[in-house]
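Input: a single structure, listed below in structure tokens.
All chains are identified by letter, namely A, B, C and D, in their written order; residue positions are counted from 1 within each chain.
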Amino acid sequence: MQTLMIAYAVVWAIIFGYLVVQYMRISRLENEIENLKKAIERKS
Amino acid sequence: MEVGKGKRAGFLRQVFYIVAKDFRAELRTKELFNSMFLFAMLALVIFNFSFAGKMPVRVLSGAMWVSFLFASVLGLNRSFVKEHEKGCIEGLLIAPCERSVIYFGKFLGNLLFIFLVELIALPLISIFFSRSEIFSKPFELAGILVLGSFAISAIGTILSAITVNTRTRELLLPILLFPLILPVLIASVEVTAYIFQPKGSIIQWLRLIGIYDIIFIIVPYLLFDYVVEE
Amino acid sequence: MTPVIEVDRLEKSFGHKKALRGVNLKVFEGEFIVLFGPNGAGKTTLLKSISTLIRPTRGRILFKGKEIDDGSISLRETIGLVSHNTLLYEDLTAFENLLFYARMYGVPNPKQKIEELLHMVGLYHRKDDVVRTFSRGMLQRLTIARAILHDPPVLLLDEPYTGLDVQAMKILDDLLYNLKDGLRTFIMTSHDIQKGFEHATRLAILHSGEIVFDKKKEEISVLEFEEEFWKWVKEKEPVF
Amino acid sequence: MNKKALDIILYGLLLIGMFVSLYLIFQYAPPAINPTNNQTWYEQKIFYVHVSSAWTGFLAFFVVAVASIIFLRNESRIADLVAQTSAEIGIVFTTLTLISGPLWAKSFWGRYWDWSEPRLVTALILWFLYIGYLILRSSVGEDFRRARFAAVFGIIAFLDVPIVFLSVRWYRASHPPLLVFEPGGLDPSMKVAFFFTLFIFTVFYVVLLRNALRIKLLQDELNRLKEVI
């Protein structure tokens, strides 16, 4: 019973962890795009 | 401007011309037919030695269908490779015919090759595996061979038209085809085993193959345009 | 007068790449248009679109005022195409190849017609040989025979002179002169300025998916045109 | 700002939902009794995650088929991206099904696999089909043709699924296994736990798809901007 519960928690944690990684990646990409847009504005 | 304009051949005629062209080219080289046939027989020999002693009926019908399926993959792979070698597929695409004419032409050609291989393999199987039943029920056997091969060729033709455009070509076709064809394989093996040794009922299996054949001739027909057009 | 072919704001993109960016072109009966342009300008894509091989991303192509769509199978009868590929089956003989296409197009009296054509392109003595054994020049001649098998009023030629020997070039020249009867319409791509200019009644330059130059042959001399051509090839070509 | 708010709501819902579902499965729902030996059967709790992931995988492949049809109709890049990411997610959940299924089967049948169990075998075939789908995608060079080929295969593959299921079920009828488990009436509290877990898994799927889609679109945008510079 306990091993099962741990297994469940691990599965949950992995999926949720992946979601967090995805979120970090989104934020990073958004930042990069912001910076690029600013750079383009400065250039023109 | 109507210079020498003749009457265009109908749908079925055009399909027939494509089959005839493939058949004529194959008659000249025989490379495809020979390799398909040899491959099927070799596979059966190997199956025989993997099962020490006489194979039970069901195992034999399974071995037959697996060998035929593998041999079909060889034929299906070449089918569109040949059309792409000198851009012939373009020639077909600019010809005044529905795109589905190409699909049905290639489908029938493939079915014909597969069926011929099976037909020639049958007597040999009967001799090698001491199954005289093969000769006592020739029409039943031919019937199930056509029904099963119909599905292999119908799905295989559209998949082959897809995989010929990929980097991995020959490798990819069986990977895509085998899981798709599984239901037909199960059903064909069941029916073949029944023909060898009647037991239980096979009506539902025949129905399954029938449904499968109908669905997977209509759906590829509807989708074929998207595969060949750029 | 309605043009035989009208290309209307034609766009074609492959994924992110834009091969054609709004091509407009009106081709009238009897014209011989030669399209020049550097590699990657979109010449082949344009010819393939007109021959219904490629479905355009945006824009239309009209044949005598009728739009090409899925139901336009009969329109394909009016087109002959000579492309980079031979479109011939290597395991069939010259005669069998032509017979197959003749049947697909519904050519009347196919055998007689094929023999005529084989005489015309000088391949009659090889008619029962498998195409696999043919030389490049012979293949190109047979390709042209295949393209004009059904007497198409519109002929599309994609770099037909590429890879030809002198003899084959001569035969192709003669063929084209014979076919130019004032009723047939031609679109040819080329990067050989001399050859293109010789046949053309109209000259156009395609550059990065746009037609940037389009004039009747009478309005310009070879030298002027050559200058114009190099201007376009040089100006916008990426510098390596 | 709207997107951010939705992010917070979804992530919060998932985080809380995870704990709630753990509570429901292990505390709220009573342990089952194994009908074969009438003993308490803790391993039955695998059932919750097994069926939920199977459902999510199936949903994902259904979305692949729908997105494929939409792509063939209007050639929208988004539809193609949805099909691709949904197939990827579907494979993850089907893998989870294929791991949890045999574990559950072992505790019930005493063996990990039975070829006459239609759901399990269908899940395996699904897995093969969509791995093939992704290999197909990775081996076509041009973006445009890749999307088309994938869409055609995506539709054919999904149509095949019910027939696979049917064939394995009929196969079982002619080759009866030792024992077959049919999930009959569940205890009401089990049902609550089950449907809640199912719900949470579906939300998982939606968020995964949404995120992956956003990442791909942002990357597109980034590449476009880099080309401008």
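Convention: a residue touches a chain if its C-beta (ideal position, glycine included) is under 8 Å from a C-beta of that chain, and two chains touch if they have at least 3 such contacts.
These numbers come from a predicted model, not from an experiment.
Participant: Suppose every chain is reduced to the average of its Cα atoms; which one is closest to the average of all protein Cα atoms?
Facilitator: Looking at where each chain's C-alpha mean falls, the closest to the middle is B.
Participant: Would you identify the chain whose Cα-based centre sits farthest away from the centre of subunit A?
Facilitator: Of all the other chains, the one whose centre lies farthest from subunit A is C.
Participant: I'd like the Å distance between the centres of subunit A and subunit D, where a centre is the mean of that chain's Cα atoms.
Facilitator: 21
Participant: Report, in whole Å, the distance between the mean C-alpha point of subunit B and the mean C-alpha point of subunit D.
Facilitator: Each chain's C-alpha centroid was found; their separation is 33 Å.
Participant: Could you put a whole-Å number on the gap between the CA centroids of subunit B and subunit C?
Facilitator: 37
Participant: Subunit A to subunit B: how many Å between their CA centres?
Facilitator: One centre to the other, that is 48 Å.
Participant: List, in ascending order, every residue of subunit B touching at least 2 other chains.
Facilitator: 230
Participant: Could you pull out the residues of subunit C that touch at least 2 other chains?
Facilitator: none
Participant: What residues of subunit D sit close enough to touch subunit B in their complex?
Facilitator: Answer in residue numbers: 72, 125, 128-129, 132, 135-136, 139-141, 145, 148-149, 151-153, 155-157, 159-160, 163-164, 166-168, 170-171, 174.
Participant: So in the complex, which bits of subunit C are touching subunit D?
Facilitator: 13-16
Participant: Touching residues of subunit D toward subunit C in the complex: what are they?
Facilitator: 142-144
Participant: Per the contact definition, I'd like the list of subunit A residues that touch subunit D in the complex.
Facilitator: These residues of subunit A touch subunit D: 1, 4-5, 8-9, 11-12, 15-16, 18-19, 22-23, 25-26, 29-30, 32-33, 36-37, 39-40, 43.
Participant: Residues of subunit D touching subunit A in their complex?
Facilitator: Residues 7, 11, 14-15, 18, 22, 25-26, 31, 42-43, 45-46, 49, 96, 204, 207-208, 211-212, 214-215, 218-219, 221-222, 225-226, 228-229 of subunit D touch subunit A in their complex.
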